[in-house]
Amino acid sequence: MRNIRIMTGAASLIAIGLVSACSSSSGSEESSSDASGEYEVYALLPQGTDQPYGTTYLPAMEEEAAKNGINLTITNSQYDADRQASDCRVAVAARPDLIILWPAVGDTVRPCLAAAQAADIPVTVTNSDVNPGDKDLTAGYSGPDTYGQGAASAEIMCELAEGNPTNILMVNGLTGNSTAINRRDGFVETIEAECPNVEILAEQPGNWNKDDSQTVTSEMLTSVGAENVDGIFAADDTMVAGAIDALRAQGIDPQPLLITSIGNTELGNPLVKSGDLDGTIFQSSSWDGQNAVLVASQVLAGETVEEDLFMPSVKVTQENADDPEVAPEW
Amino acid sequence: MTTSQTMSLGEATTGFSARLRAALGRRTEWRAIILLVLVVVGALIFAPTVFTAYQVTLGFVALIGLIALGLTAVILMGELDLSVASTLAVSGVVMAMVPNIFLGVTLALLTGLVIGAVNAFFVVKVGINSFIATLGMLFALRGLAFVLSDAEPVPLTDIEAGISFGMPLIGPITPRIVLFVLVFIALHVFVTRVRAGREFYAVGGNRQAAYDAGIPVSRRLFTGFMISGFVAALAGVINTLELIAADPTAGSTALLASFAAAIIGGVALTGGRGSIVGTLLGALSLGILGVGLTLAGVQVDIQQIFIGSVLFIAVITDPASLRAAAGSVVTFLQSRKSQTAV
Amino acid sequence: MNRSTSEPAGPVVIEAESIVKRFGGAVAVNDVSISVRAGEIYGLVGENGAGKSTLMRILAGILRPDEGEVRVEGKALHGGAKAALEAGIALVHQELSLVPEMTGAENIMLGSFPTTAGFIRSADMKKIAADAIEEIGVQIDLDEPIVRLSVALRQFVEIARAVARKPKVLILDEPTATLTPAETDHLLAMLQRLAAKGLSIVYISHRIPEIFSICDRVAVLRDGNLIEMMDIGETTPDDLVDKMVGRDLKLDLQIHRESNPGDVVFSARGIHAPGVDGIDLDVRAGEIVGLGGLVGAGRTEFVRAALGVDPKTAGTVTVTTDGRSTKIATYRAAVRNGVAYIPEERRTDGLALNMSVADNIALPNRARLSTGSVLKPKMIAEFATNLADSVGLRPPDIRRDAGEYSGGNQQKVVIAKWLGREPRVIVLDEPTRGVDVGAKTEIHRLIRDLADRGAAVLVVSSDLPELLDLSDVVHVIRDGRIAGTLSGAEADEKSVMTLAAGGRLVEAS
Amino acid sequence: MTETATPRETPTRQAPSETGPSQRRAALLQWIAERGIFVFTALLIVFAAIFVDGFASTVNITDVFHRAAPIGIVAVGMTFVVISGNYLDLSVVAQVATSAVIFIGVSNLYGIPLAVGLAVLVALLYGAVNGVAVGYFKANAVIVTLATTYVGLGLLRWLSGGSIFFGPPDGPIRAMGQIRIGPLPLSMIVLIVMALVLAFVLNRTTFGFMVRCVGSNKEATRLAGVSTPRVVLGAFVITALAAMIAGFVLAAFSNTAVSTMSSGFEFRALAAIIIGGTSVFGGRGSILRTLLGVVFVSVLTNILVLSNISFGWQQIAIGALIAAAVSVDALARRAAQ
């Protein structure tokens, strides 16, 4: 008797939870269908409101979708490739008009693209591109060139180094993360090709965190000897802010050092203005989110799209740091 | 009564409801069934696509359920294996590093077996609590995956094999689903029909009795951890084939989801209680819930709140937990009584 | 009722020769030889601690004898429990060794599932299990998990497991402790049937009537020695009890304490709980009340339910101190009102073995050893040292872990920690079990001192001399009820044993 | 059941008559298990000071402190849960991040006092939910705190939108993060103060005493008249409050807060506790041990980074270290029997 009472109790509890959440979810469905969506589109993202970039990317994306009469369903695989593959299968099964894909791990998306093609669902890619070999399965790409950003940051570094022997430290993103890998590769390969006079003395992951970056930078300074270090490259502005703090904490003036990064965020832009950060690459999350939908709607309308719509990898230095077109967004 | 003595030793199982209760009480899966019914009803109302696209749902269930099945073998013996997610990553990397696909699969599965044996060694021979031993492995294997792969995804050499692996075999059934069903059947048969597997319950339920009855407890523990390692490696192989690349960070969401599936399925962490069917039901409910919420466009954050709440309710509605809490309430009420009654 | 002793004796199946077993310094079994013939039921009686269980564990290969050997059908037994099992010796343990979530059939066949290529032949398994159940004549749903069966049924499953192995020798250690009279009768009849088929049975019991009802021969063990072995026809219940308890009476020579009990301090009314079937009991200030009875009679269960340690289904307990009566509903309320409980299982329930003696003593006294919930280490050390001295802890090093001490000293620590609270009611469950003679005497002194200082003392003991020696009043518990009450003067070992065993035979005599 | 199946009078203390090689080995293992962490930490520091360039510099010591502080504050708090015999509190991940985000996010809008007040409330809520489920419902701590981690992180991201929060560059929080006394950053001082306070609570208060007793023998503690569920609840509340302070420290150090900043804290804190020699079975252990465990892991990681060893190898080293630490403990325990 007691068992049954307990079971009903538990059941009703779960039921209440389920109903309330389902109603909230159906609520969001209604609100999006209020925009009288003509097109159903799935956006398979590896991040959402769990990451700062996604937090500013999403509103721009949703706003643009509403403007274009696109009904968006957004998933977040938290950078788990298996989870994204599963999201992809869900999306293909839902038979949307188009899928927007932000690959969690670039090497792993081919089966997803193949499945979409088999189901006649066009796929556009956003934020980080698929492998060259998989391009024929996609209808277009918009976003930053993560490799190119690393390369551009390296170009700034090369210019600053002016051919002098320069020793730098490198702070990478989260180990194994595809953006982290691409930016690092772009930076390292460009340095090797264009200015071999720049030597990377040490590298450690800063995990996209300011505090982790500050600690490892400080440790790397100790490791190689602070006096031997002429510059720092960090894979994003948050981490470069940590690296600059580490320099200051050791009583080293960051001004004469060659420091570059990627982002031009609200954290990085003031550092550029103050001259601590010599150069960064502007990445507009809102551009990224907005153009993901723009490319998608062009494809849906049957217009021809460029194969790659690269976010301008604007190099931001002290001269143009105040320009409105590079106003930091996050 | 076959004997002259009339011995009414049995429980009073007269009347339909009493017998029904007895039959229900025998099962350990009722919480999973309730949840499954609720989830199915909810999905029918709010996201019927879950069922029209059943192959997707099945695929998702297979994704979170496969590791949970292997884990159940270990939990039935009252032990834990936290290293499964890292095992998945390492075996995937091992597989992708080998150019020959068959050799790669073999090596990857072997890796899983070896990891299971190492876990069992620490637990059985050294005598470390399995929670801690596998925690160490969780770190070490993740590190190993990074070291082997140079912290980058390792693309499969034979991409075509991978692509064809991900394609449906019969109707909408992909090899992943087939393998999942096979593992389910194999493990279910193993713990219900095979002597060694059935004895897992004895090892988890009353280890001393198992020793006394002459059951080779150490060998059973080795078997259990190796099953868990093998199944995790199989999941790694499937993922790598389907994704045509091995990701050293893989499995980040697998560990917790697997635990949740087993716990919701009524598998007791203290050992000796639960079933493979229960884990399947747990995986089914979580899978349908996950796909349903995704199809309904619910953000991951809210999905997590959901899954966490379900897990929380599942763990505190365990009969033993409810008894303990009821006992506390009774004690509290009575302690008030004993103070007032002077 | 007696089996005829003139039955043709079969060949000797199992024999133990000159078995000696020591634990540390103590000799548990001292040069004991027994032999059991085919088709014979061999009774083994003795008080608690006489060495019966140790001897049985040696026969079953679980323990290795220090001297002597066990032979089965003339062949010496080597190689532990497994070898003994293969040689045909099956032991039904006192402790249930069942797997709760496995079915009856599986438990009966545990460790010897019939298999083909590793697969269980479940029809065969059920068949063998059903046969075993049939053999012992009970009806059990073999598909039910054990956890859903009653305690009595579990005991029968345990016996069925032994029977299913088709043993030559079946050893039962107190199998009736948890059974009702009807169930006991059934079990005894079943054993006789098995013996008639040629099985040798070694039957250990405290209950004299059972011995007389089924055994062919009976051996008496006392303090590890084999006192006598006789045909059942050669003895009487009286004689047997005499032989069991007949010890040198040195311990008994201690004079009874002068007691002049005051008002009732501890009063239990209508206590019902699993295994307890309505017990009323009063303990007065300065009085020592003893609870006697057989193992499983419900003494421990009563004490735990009355104090609120385990839940009770009905009944009230009142503690009266300084003219103020308080109904005790929970264990913590009991402790608050001056009750001290010294549990049966010292190592698991009584002490934190890997904490120091000082910490163990401080635990129930933490309130008085702290100011504003900050502990005062100096005060604790002083307090613990004093108490350790007063209970005679040796060596008196309060910083050592409790687990490093011997059983007797551990028990002194348990008593010391409660002494600090100056309890008004103190309940001791088997206070000197596993304790050496010296410590035992000291513990008895402590218990008497407590009573002399006006505490109400309730002692549960299976050690008859101890019970009689300490108690002003003895209640004998049988089947969850008070079977009889004896005043200190009229209680002797025989009267207590008689009430506890409760057999018709003895009552008739 | 009365008849002693176990030896009647087993003196657990072994006669020190013979000291054979096996006994000496047992004694050595025992000694290592008891004092190992002190020796290993000392050896590691001496080794590093001699062989690793730059290790002994003031700057580097500060870095070690920075590494140690937030994880150490979580670990000294979580020691209470571990000693009480409940394995660990996985939800510290969610707790630290929530506290950090509240600390920066709410103080930007409403000022620091309100932020701190809110953080305290949230911490108490975490402690209460975990503690009631584990203490009163006797539910398994791993599963309970796994569930609260899911819910907690989900709520945090849902409510905060996952943004990165930073305080004004010249604000009080940043100033806090930069205070230092000699080579000691404020975070390290907080850790030391926390360790002292919690060591006092664990060793010198009746509550701490009961936590140790519950972990050592729950039933004996209950029979001494202690409400064991309440003690477990208290242990989870202390852990939650420590995690809250760790969140403050983490936020103040970088003047930023984001919901991902504490990922991996749960297992890293547990690893430090275990390496320190606190038993996961409860009862045995101390705050000082946890502190040493934290120092050991931080110094080791620092050495590996100084030697430019990659992240993968760092993980392998920590995993191997856990295995080694608990193996010694397990072998010593076995040898003692």
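Lettered A, B, C and D in written order, each chain numbered from 1.
The rule we apply is simple: a residue touches a chain if its C-beta (ideal position, glycine included) is under 8 Å from a C-beta of that chain, and two chains touch if they have at least 3 such contacts.
Please read these numbers as outputs of a predicted model, since none were measured by experiment.
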Inset, instruction - Could you tell me which chain lies farthest from chain A when each chain's centre is the average position of its Cα atoms? - result: C
Inset, instruction - Give, as an integer number of Å, the spacing between the C-alpha centres of chain D and chain C. - result: 44
Inset, instruction - Would you kindly tell me how far, in whole Å, the mean C-alpha position of chain D lies from that of chain B? - result: 28
Inset, instruction - Give, as an integer number of Å, the spacing between the C-alpha centres of chain C and chain A. - result: 70
Legend entry - Distance between chain centroids, defined by C-alpha means - chain B, chain C (Å): 42
Inset, instruction - Mind pulling the residue numbers of chain D that touch at least two other chains? - result: 153, 157-158, 311-312
Inset, instruction - Among the residues of chain B, pick out those that touch two or more other chains and give their numbers. - result: 25, 146, 151, 299-302, 305-306, 309, 322
Legend entry - For chain C, residues that touch 2 or more chains besides their own: 332
Legend entry - Chain-to-chain touches, reported pairwise for every pair that qualifies: A-B, A-D, B-C, B-D, C-D
Legend entry - Complex interface listing, chain B residues touching chain A: 21, 24-25, 30-31, 34-35, 38-39, 42, 45-46, 49, 52-53, 55-56, 59-60, 63, 146, 151-155, 159, 162-163, 166, 239, 242-245, 247-254, 291, 293-302, 305-306, 309-310, 313, 317, 319, 322
Legend entry - chain A partner contacts - residues on chain D that touch it in the complex: 53-55, 57, 59-60, 62-63, 66-67, 70, 153, 157-158, 160-164, 166, 169, 250, 253-256, 258-261, 302, 305-308, 311-312
Legend entry - Of chain A, residues touching chain D in the complex: 48-52, 54-56, 175, 202-205, 208-211, 214-216, 218-223, 225-226, 238, 241-242, 245, 249-250, 266-267, 270, 330
Inset, instruction - Spell out the part of chain C that touches chain D in their complex, as residue ranges. - result: 23-26, 28, 48-50, 52-53, 57, 94-95, 174, 177, 295-296, 309, 331-332, 335-336, 341, 343, 348-355, 359, 362-364, 366-367, 370, 373-375, 377, 403-408, 417, 430, 433-436, 462
Inset, instruction - Would you pull the chain A residues touching chain B in the complex into a rising list? - result: 3-4, 6-7, 10-11, 13-15, 17-19, 21-22, 24-26, 28-29, 32, 48-50, 72-76, 78-83, 85-87, 89-90, 92-94, 105-108, 110-111, 114-115, 175-178, 181
